[in-house]
Every structure is written in structure tokens, then in C-alpha cells.
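In this document, chain identifiers A, B, C, D and E correspond to the written order of the chains, with residue numbering beginning at 1 in each.
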């Protein structure tokens, strides 16, 4: 790998300065520019869903990642030994289709010789994880699947889905012990199914009753209604929505229409600032979601959040356009940038992705990593890339405001293990 | 007795490579294909190998639909049958080289089942039956076969004598070898009496029956063979990919296959499929590279191209190619 | 009434089928066009009715004038509006519709002219009995009758008939020809007839043309043609003393051609 | 709420969907009647009409009425253009040519829908209203009521058009033998193009119905593909029968959905089988009674 | 002629084609020696949703005979022929071919027994060449499997050669040389009819059923076709059943005539006798 050079082709990425030219990983271009500082370039792949079933959250995520690339490139990314690194990123919209992801992965690898990829979906990230390990490409995905925790080259700045969901179950049981919970999720999507075994394990432990109901990720109003109608058979107190915001908000609307009075808690990707508007129904006090971080709007001036807003401003975005999704994209790139700043240029040049991986894993024993105040201290240990374990439950209250409850750290069940064993 | 003399020449007339120029071009093409990974780098080689997988599948559909006239919009689903079977076998420790043919046979079996509607239906009705079959199989894959969205392929099963067939140049050569076999056998079937029987069924099933062709069996065979190639392609897909996902086998993919056959040249098993593949898949990749994967452009450009070619070039790109050839043969005269 | 002047017809892309044909059909006459297979009889009728357009054909030379107006290369609808209706070769009726529905469908096209279904039944009383039968199940003769009957709904002034005897039993042929004669006499229709069945055609025609290979090789009043030696031999199958037995035909290869 | 009440609510939901399916299927049948062919671009045509309606009604804020008009116009124009540019030149070619060509158009229209909406089909509802009618186990929202009105309306209009004029018979004649029809003076081109246009307009109104019921989303077209089952069930060349086909399809789907929770036997889990129900109906009809409940059988003779 | 008894057989080593020739070639020194009737069709009744198309009709065909079935349109001639070739299933009655009851046999199996048929309208495989059309008729005698085909084994090659040679003989007989490699679509109708007959004759049938072979042909073409029929009938003893409206042809060619009306047989016998039968004149020929 890396020995041959693919044909240099002008890549049509929007901003010409950001385009990746085909070049072996970590080309040191030596002294450049008037400042006389040393620079090198690396290529990174950006795999996003702008057109598929998860594009409802994917578009903003991609926006966040892109503005992070621009922001950090502009600000300057320096290795430990002070060499400035320019990141060229190649963006591909794969429409949430794992086969396409693999096709683009190969393009990233063979044509652009990327050393890292900022990715998206659960199915594709999971199925590629062994190959990325072989190819030694760091893969920072928007999928926080528990199955990625033990994989050597996969990283994300959050607890895995299972641990997050366990926090939600803990919260439910605190609100109403012995409650009935309907699990709304797409039975054929890896992302939706991911935390289910952990939820069931946790519910059993806490004495909650759970029932499965199929809610398509590509839901429309009719199918959401059908799912809620089915859920109503079980008289639930709570519902878990394991899909993305489009599907979950439809379910909430259907529940409001059909008069189902359960509180619905959604996965991270299923709940954010736009939820009430998307649901377009009276959902006050009836919906909420999990989030490992405080949402940007509620911590505008805190370190970390500030950078996000700064980057957004630089890219010409309005302040209220910065939402949780944008921040998530921003964070993933930031984690990558953090990793670069933890290696020296020589190792980066020689070992590429492996150097980044080792840098991130050095947090296990040494200095923990923090993305401003967004995350608590994060430690990635070899074989267990689970940086922290606490999550908030964000509730859309009767007053029409979002309230952050927690953070909750699930206890008594190893949620990652439950998922790894459960499927 | 003209028959005696003719006997000598008939096989020559049936040969794939009839003139010296054919032989030379074939040798040159083979040499080029063999040297390609060294000349073009891994990206191009991989991409080409990936196209070959789809070429095999397109050839399959060109047999079912082009040669035998049985419209199928379930081809992708059949490819799935092969892919899942192969992937499943590798997970149970079977080597991929054994799993691929097994997948092909499985697909052939499923395809034979899918031929049932064709015994009664033709044209639009058959097309709709195949859409239904495609969706039902798709449902099966989604919910039952690989409910985790993907079925991983065991990398350890892709090793033969310590050589990793699923990676790098070897992936290319393995695919190339299997593709060449597929191409050759398909071309042979096309020129055999079985191929003629299929064409007969396509052109006029009533008189085919009266002429003594078992139409039902021929249709079933056409589906079986077409599906066999689809399954073979599915198996190759398992060789290429780390996991088999149902999104490989959507109705849209089936539509793309049908478009390949029709845009390339229906009934022209090899060249038609090849041209169709080049037109549909290659341009799709181009568009994806240029527009960062946004499918909107694929729909706009490919859709227009399909409609245009079907309307303006009934025989497909192969007719265009023939005209170009003719033009150069007669050059510089216009007729 | 109809004047076809030296026309050439070309099918897409450049198959020249008619090579300079002129015929004229006087008002209230029956004109027969005879000729072997592929001679261009159908093409001629299609050119007149405008239907060649649908076959991607065109009149490239000469003109067709009807009541003094040029009608070559017009849309078939346009031509039929002027009172020329073409009964297509091979009983082109709507097989999946019942007889009644066939009539209704065509009547729809002429709804502004008060089409009269009874006219069809008047000339072809057999059809009344078969009203509710799907036309595909009619016998060949009935189908041919329906085909002609449908044309009547338009109250045409010039009727183009293409091989009305094709595949019909001798008795039915006579019946169909009787109806044609009646139409001519009672409704005063002008008829242009293309036929292989030279005997029948020349029986009712006033004038005949013989086309071979896209050219007119012989023309004249019907009775004159009936007596012509070559016509007798090649179209009526009377070959002098031998009187043309098919059994003996096997050793007899004829090469003579007019052209 | 008891099981029975549940069942009733499922059946009502199925009936509403049934009306919508009937409206969606109408486009297929009208085209089949006049051209003896299936317009596989219809799903994308509906998608496009719905997208345009959304843009007019919501994005531009002109209201649902304006959106409906826009959908009708777009449906009519696009469908008539498809006839002119694709179907007409393919007249006389084997079915596969038209299948492939209309599939090409399907792609184009899908692309155009994405294009007009700015890159991808949004997920959005056409009508925002919290109004709802409740009667026992049954709840009807404003969208439901509007969807029924649109769906039933277009079916009624088209059926009336066919019943009250001889247009229907003429269309069938044209479908069977355009050549012969032209010879008899039927205005073949006009009739065909108008019929396609009518089918498109029906698709436009059906698009409103389905988008009201199921929201605008990229998967809207799936409903149209499923509606093929309703077409087939009724018989491709009927118009009035379509309402039966649609209702049977809609109610069956909901009944299957109702039964699903009872169809889980450990490994064999039929969750989501309702998604495939339409296709199973389709296959079943094709195998058992290809010409549907009200369709006329074809005549084949040698 | 080309099909004469002493026609040279291709000798192919290790592969016994003699058996194949024997199996498919019906030429015998004394054709159909023992049987009095080669084809017996009795008491056939065909209904189409209430319409009785054929009502207790039938005929018997002697080896080497040319039999005509005539009758007004809709009399049920084509339907009867379709029953014989297996395309329609009769409600009652039976079809006996060479002493064997084949009423329940599917059409393609009948072809293999030696029952060939041509069509009223051209029913050729229109996108294939003339030679291919004729060779397709030999598919029932294919002697190699799909695997042989895929790998183009010797076995497959040998059979293909044999088939092509057989096709060549039919081409010779019907003088189709100039059209051999042309696609049939677009050939003149007369030629298409000849190809249709060639396709049937290449199968070495014992009986050929022809539906209105002369319809739409010019006098000259009719004579050509008649010549071919008479020739194979005389040299190879092939029997014919012709459904035909051209009475001249019927009178000249046929040994016997069966007249049908409204699904029933109303007369049968030698041509001249039938032609003067008042019922026939009334129902068919007309005054």
C-alpha cells in the first residue's frame, strides 16, 4: 500500500484548496510559503449520507465535519514537532448504502491513500472495521456502535449506543419502576438494532417490561401510525425510539394523534433541537432523547462549543444553524486533529494511520483527551475504545423547553458486553 | 454435394474467433488485461475487477432476457442468493473458491423457482411478476437472511495456499480468471442449439412449441442459466466485499442490470453486456466521482441515457459500434 | 375524384417501394389494383390514406390529389376526415372488443357526423346476431365484414379496400363481394380495391391496374384485362391447353417477367 | 381499547390507504387502456408531483389548493411529454423496450424531483393541522380526510369520464390496434397523448393524496409500486374496478400488520411482512388470475 | 434427390450418428408398411366458453396421402389442426398417430414423433437467419447437455455439424440458398412460407399439417410451394394435411378432401366427388 501512485486527477470538491490530490500519505512538501514553516499534507476520507434515509441528520453532520476541516486547516494543525499538517479531505455521499461505502472506501484507500476516514453509518463502519484494521486506517465514525468498541482502528468521542441506551433505561426505571417500555426500532437496520440487546439486559436487571415494535427508519406518516397503533396494544409507559429524528418525530406525531400517552425517549440521532418542530404536534412533556453532551445552544460560551461556533461563523453559517448534528461532525474531525497533534511528523509520515491510533490510545495511560468542555476526560484503551460512560437525558418539558437530566452512568450491567454477546 | 464441403467450414463459421484479426485482438486484449494491475495501479485494477463482477451478472440477464426474452427485474435479488450463500459458507469455513460455485448453484435453483410465472406470463405481466419476486426476496434478505443489515464474509476463507485472493492484485486475477470462464461458457451457450431454442422462445413461443421445443423447460433453463451467472457474480461479490449487505440487491440494481442489457444490446450476450456495463456502470462511477456520490446526477444522466438509447438505438450500443466499424472499414468512402 | 400522379414512396430509411405510379379513380367507379406479393398494392393504399406515416414511410415524389386537393403525406386522421377510409389488409378489427364496442369506438371518432350503427347491420346482417361476441372470436368472413362495416360509420366517399378476400372461403368471398357491389350501387361509394384474387376483383371492377415491383405494368378497363393473355396466364391461372395444374407445375419453371 | 376496537381502527386505516392506492393505481390503468403498456415512470411522476406540490404549498406558502393545482399541471405535462417523447416512438416495439425506456424516465423524474427540491427529497408534510375527528377507536386527522377526498375524487372523475363518454371504448380500440384505429379515423395521437396526460393528472392528484397520508419522502414511490398490485387485482384494463383493487390491497396490508405481533415464533419472525404483502398479492394474482377480477382476457390464436 | 435412400451419411469416428439419422429420418424403402392409417382423428370436440368450435369431427390419413380440409371460415379447421398438433386440448375425442394415442401429449412431444406443422400466418423466429430457423427445428433431437454446450465439447460440435447439414438439405430442397444467412424478418412472404416448410421438413416428419399455406401468395409462389409439397410427398412418402381455401390447389394436389361446416364434417372423399356434393356447394363454394 502506498507504493504506487494513483493517477492525479483534479478532484472536484467544492473548495479547490481543500481538494485532495492523489499523493502518498503524508507527503512532506518541505519548506513552503513565506513563513518558512515546515508543512505536510495528509488525505482524509469523509463518508456521509446526504441523500439516503439518514440524511435528515446526515446533512448537518456533514456540514459540521466540513467546517471543522476548513476551520482547523485555517487555524493550523501542528504535529508534536511543529510541522504544519494540511488535511485534504475527499467527500462522498453514500446514501446510507453499505456497499457504496465499501466502494468509496476502496477509492479512498487506493486512489487517495487516506490515513483516516471520518465515517457515518453503523453497518458500513462495522463491516469495514476489520479491513480498516488491516489497512491501518483510523476510522472515526458517527456510529457509536458497541461492536466498534473492541476494534483497534475505530474511535468516537462518546459512549457507545448501548451504554447511552442503558442510561435511558435507568432513567425510565427511576421515573416509574416496573414500567412497560415499547422499543420502536427498525428491525432490519444495524444502527437501530445495535443497543437492543443491552436495553433488554438492563431492563431485565431493573425489572422493566419491554416489547419490540418495528418502526422503519425510512418511516412515513402511515407506517409510523401503524407502529404506534401496534404499540398501543401494550399500553406502554415509555417508548424507546431507536431511529433517526425523521422517523422518531413521525412516531411522536402519530402517538399524539392516536392519543397514546407514553413518554418517548429517542436515541442520540433521534432527538435534537428540531424535534418539536418536525413532530408538528403537541408533544410537550412526552418526548425526550439521550445525549452524551450538552447541546451547543445551551453552552455557547464554554470551551469547545466556542470553537464550533467560531468555525460556523467562519463558514458563513448563522448561529442558530449550529445544532447538535453540526457539533457531532465537528467533534469527530476535532478528535482526528487532536490525534495529529499528538504525533510527530516523522512517525506520521512513516506509520500513517497507525501513528494516529497509537497517539489516541496513549490516552489510556497518559494524559486524557478532552474536546473542550463538550466531553469529559476521554481515555481510549487498546481493545476498549470507550472514552467515557455518562449520558444526559434531554426532556422536552411541559413548558416547551429542553431540560438536561443527568448525567447518568448506567450501572450493574456491562452494556457493551451485553450487546456484543446478544447479537 | 455441398453438404460435405460445408461441414468443414461450419464449425469455423461458428467459431468465436473467425479471422486472424480476431485472434490477434484477443491475444492483445488478454495481454493487456494481464499486465493491467502493474500499469494502472490498485485503484483502477480494483475498479475493473469490480466491474467484471457486474459483467458476469449482466451476461446472466442477457441470457434470460436478451436471448430467451424472459423479462426479469429480479436479477439483483438472484445475485443476492449467490452472494449470501457464498458468504454464509465462508462463515462455516468453506473456502471461497468452493463457496462461489455453490452460490451460483443456489441462485440457479432460486432462479428456476422464479421461472414459474414465466410459464404463463409474458411482457408486462412477467415484468411485474419479477418485480414482486424481487421485492419478496429483498424482504427475505432484509428480515431473515441477514437481519443485522450485513452478513460478514470470512476473510480467512479467502486464502488459498497462503495467497490472499481477496486482496490486491490477486483479487484482480482471480476475478479475471473466473470472468473469462464465465464469458467463454456464456458465448458457447449462445451459439449452441440451446441458445437457438431460447431465441426461438423469445421470438415466437407458440411456433417454438410446435416445432418441438419444450418451451416450459427452455424458459426454466433460461432462468436457471441466467441466475447461475447472477449467483456467480454474487459469489464474486463475496470475494470482493467484507460483508454482504441487502442494499446490493435492490430493485434499482435490477433496473440497472436491465438497462445494461438493453442499452448494450439484448441478445448479444457478450458484447452487448460489455457495452451496457461500460455505459451504465462506468458512467455511474464517473458521476459519483465528479459529484461526490450524489445520486441525483446518476438518475438524471443515466435515466436520460437509457431512455434515449432505447428509443433511438433499438439494437443497443452494439449497433453503434457496428456503424463505427463499418465507417472505418469503408473509410474514406461513405458507402 | 382521386388522382395519383407519378408517386414514389420510400420507407425508412431508404427503401424505395413505389417507383412512379399513377392511377386515377373516377367518381362512382370501382378500380382494382392487382399484382403479386410485395408489389406495392398495400403501400399504394397506405400512401393515399396517409397511413404510411405510421410505418415511417413518405411520398417523396409526385402527388396525390383528392377532389383537387393535395393529400400526400398528411395525417391519416386528416385524410379520413375528407371522406377516404381505408380498410386495412388482414381484417384489422379490434379483437378484444365486442362487435358493438368496435362500432362504438369507431363511432366515437365520427361523433360529430351522427354515425349510424344500423348501417353496418343493414349491409352485414350476420353481425347483428354476433353483437355481443368479442370480435376476435368471429369467423374470418364476419371479421372482414365488420372491418368494412366499421368503415361505413364514417360515411366515406372513397373506400379503400385491401385484399378483402384474403383467407376467406369461396362462398364468403362471394358474399363479401356482393356487399361491396351493393355499397357501390346503393350508397354510391367509389371504391379502390387491392387484390390478389384477380378473378373476383376484375368481375366487379370498372378499371384495373396491374402493379409489379412498384411499377404499373398493365392497365385498362376490366373486361379488356380479363381477356389479356398474360393476365390470364399469370393472374387467372389459365395456361392455354395445360390449364395450369399445380401437380404438373413442379417441372415447369417460368421466367418471363414484364419488367 | 379492546381487540375489536383495534381491529376496526386497522380496517379504517386500511380503507383510507385503499382509496389512496386506488388513486395511485389509476395512472397505470389509464395508460394500459390506451397503450397496452405499463408506465413504469409513474412512481417517479407521483414523487415529482408531490415534491412540486410541497414546494408550492409549503415552501412558497401558497397553500394546499395551489399545491394541488401545481401537482395536476406537472403530472399532466410530464406524462403527456413522456408519451410524446418516449412511448410514441416505441410504438410497435416489444414490451421490453417500453419497460426499459419508462424505467429510464423513472430515473430522470426521480432526479428532477431531487433537483427541484434542492438535492434530495425532503421529508415533510403537506398539511399542518391538529384538527382531528375521533369516533370510538377511530381517529381521522385533517390529512386523512383530505387524502380520502383527493383519492376518491380523482377516481370518481376518471370513472365518470369513461362512463359518460365513449372515450373508454375508443381508448381500448386505440390500445389494441393504433394502426387500424388511425385508418378508421380515430384521432390516435391526440387520444393517446390526452390519455397519458389524464393518467399523469390522476397521478398528480393521487400524489397529493398519498403525500397527505404518508408525508412527502423519498419512499413515496414505494406506495405507487405497491399500487400496481391494486391495478392487477382489479384488472389492468378496468377503471371502475380499481376501487375494489385498492381497498382490498389497503385492508389486507393493515390486517397483516394487525396479525404481525402474533406471527413471531422465535427464529421465524414475520415482523414487517406487511411490507411484502402487496407483492405477494401481486404474484398471487399474476399466477392465478393474471387478468384480474374485472379485466378482460386476451385473445390468442394461431 | 437429396433425401434419397442412398444419400451419403457422414461418417464420424467414435460417434454413432447412424442411430440419430435412423431415429429422425422417416425415409423407409416402403414407407409405413403395415399401418393402414398413419393419423386417425376421431370424434373431436372443442369448445371455447360455450362456443362449440369443433363438434365430433375427425379424419383419417393414409401414409403418403395428401388430405385437404376445407370449409367456410369459422368452420373449425384451424381448431381441428390445433388439436392434432396439441395446441388445443379437445373436450372429447382422440388423436392416434401411428397407432399410438397422443391426445394427451404436449405439442413439442408430438413434433418429436414426426408430426410437423406450418402456420396460417408467418410464425417464424423473425430475428434469426433462415439457416438458424431451420436448425431450431432440430432442437428436439439435440444430443448434448448444457454442460457440453457451455464448454463446447466435441460432442456438441459434432451434433451441430450434423444439424447444420440437415438444415442444408432442407435449404437445397426448397431452394433457399440465397437467403441462407439472411434474417427472416423482411423476407418476402412467399419465401417465409418456404422457410416455414423447410423448417418442418428438416425434421423428417411423417406428417405435415399445413394451415392455409397458399393464402396471400401469388400464383407463381403457389406453384413453387405446390412443387415442393408434391416432391417430398412423392420421393419421401410424407403425408400432408392441408387446410386451404384455394380450391384449385385442393383439386390439383389432394388425394382426399374433408369438408367441414360449423365444426362438423359434412362430406369427405376424392376431390371431384366432394366438389359436386350439393351440401358442399351450399355451405362452401356457393352458387
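Convention: a residue touches a chain if its C-beta (ideal position, glycine included) is under 8 Å from a C-beta of that chain, and two chains touch if they have at least 3 such contacts.
In UniProt terms the chains read B, D = Branched-chain amino acid ABC transporter permease; C, E = ABC transporter ATP-binding protein.
Quick caveat: nothing in here was measured; it's all calculated off a predicted structure.
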{"item": "Pair with more cross-chain C-beta pairs in contact, given B-E and C-E", "value": "B-E"}
{"item": "Most distant chain from subunit E, judged by the mean position of its C-alpha atoms", "value": "A"}
{"item": "Maximum centroid distance from subunit B, chain identifier (CA atoms)", "value": "C"}
{"item": "Innermost chain, taking as reference the mean of every protein Cα atom displayed", "value": "B"}
{"item": "Euclidean distance of C-alpha centroids - subunit B vs subunit D, Å", "value": "32"}
{"item": "CA centroid of subunit D to CA centroid of subunit E, Å", "value": "49"}
{"item": "Approximate Å spacing (C-alpha centroids) for the pair subunit A, subunit C", "value": "77"}
{"item": "Residues of subunit C whose C-beta touches two or more other chains", "value": "137"}
{"item": "Where subunit E touches two or more other chains, by residue", "value": "87, 119-120, 123"}
{"item": "Shared interface positions of subunit A, touching two or more other chains", "value": "50-51, 187-188"}
{"item": "Contacting residues of subunit D [partner subunit B, same complex]", "value": "32, 37-38, 85-86, 89-90, 93-97, 99-112, 114-115, 119-120, 225, 228-229, 232, 236, 269, 271-273, 275-276, 279-280, 282-283, 286-287, 290, 300, 302"}
{"item": "Contact footprint of subunit C on subunit E as seen in their complex", "value": "48, 51, 70-75, 120, 188-190, 212, 215-223, 226-227, 230-231, 245, 247-249, 252-253, 283-287"}
{"item": "Of subunit C, residues touching subunit D in the complex", "value": "49, 51, 54, 75-77, 80-81, 85-88, 92-97, 101-102, 104-111, 134, 136-137, 150-151, 153-154"}
{"item": "Residues on subunit B engaged by subunit A in the complex (per definition of touch)", "value": "41-44, 46-47, 50, 142-143, 147-150, 152, 155, 241-243, 245-248, 288-296"}
{"item": "Subunit A contact footprint on subunit D (complex, rising order)", "value": "1, 6, 9-10, 13, 17, 114, 119-120, 123, 125, 128, 130, 132, 134, 139, 141, 143, 213-215, 217-220, 254, 257, 260-261, 271-272, 274"}
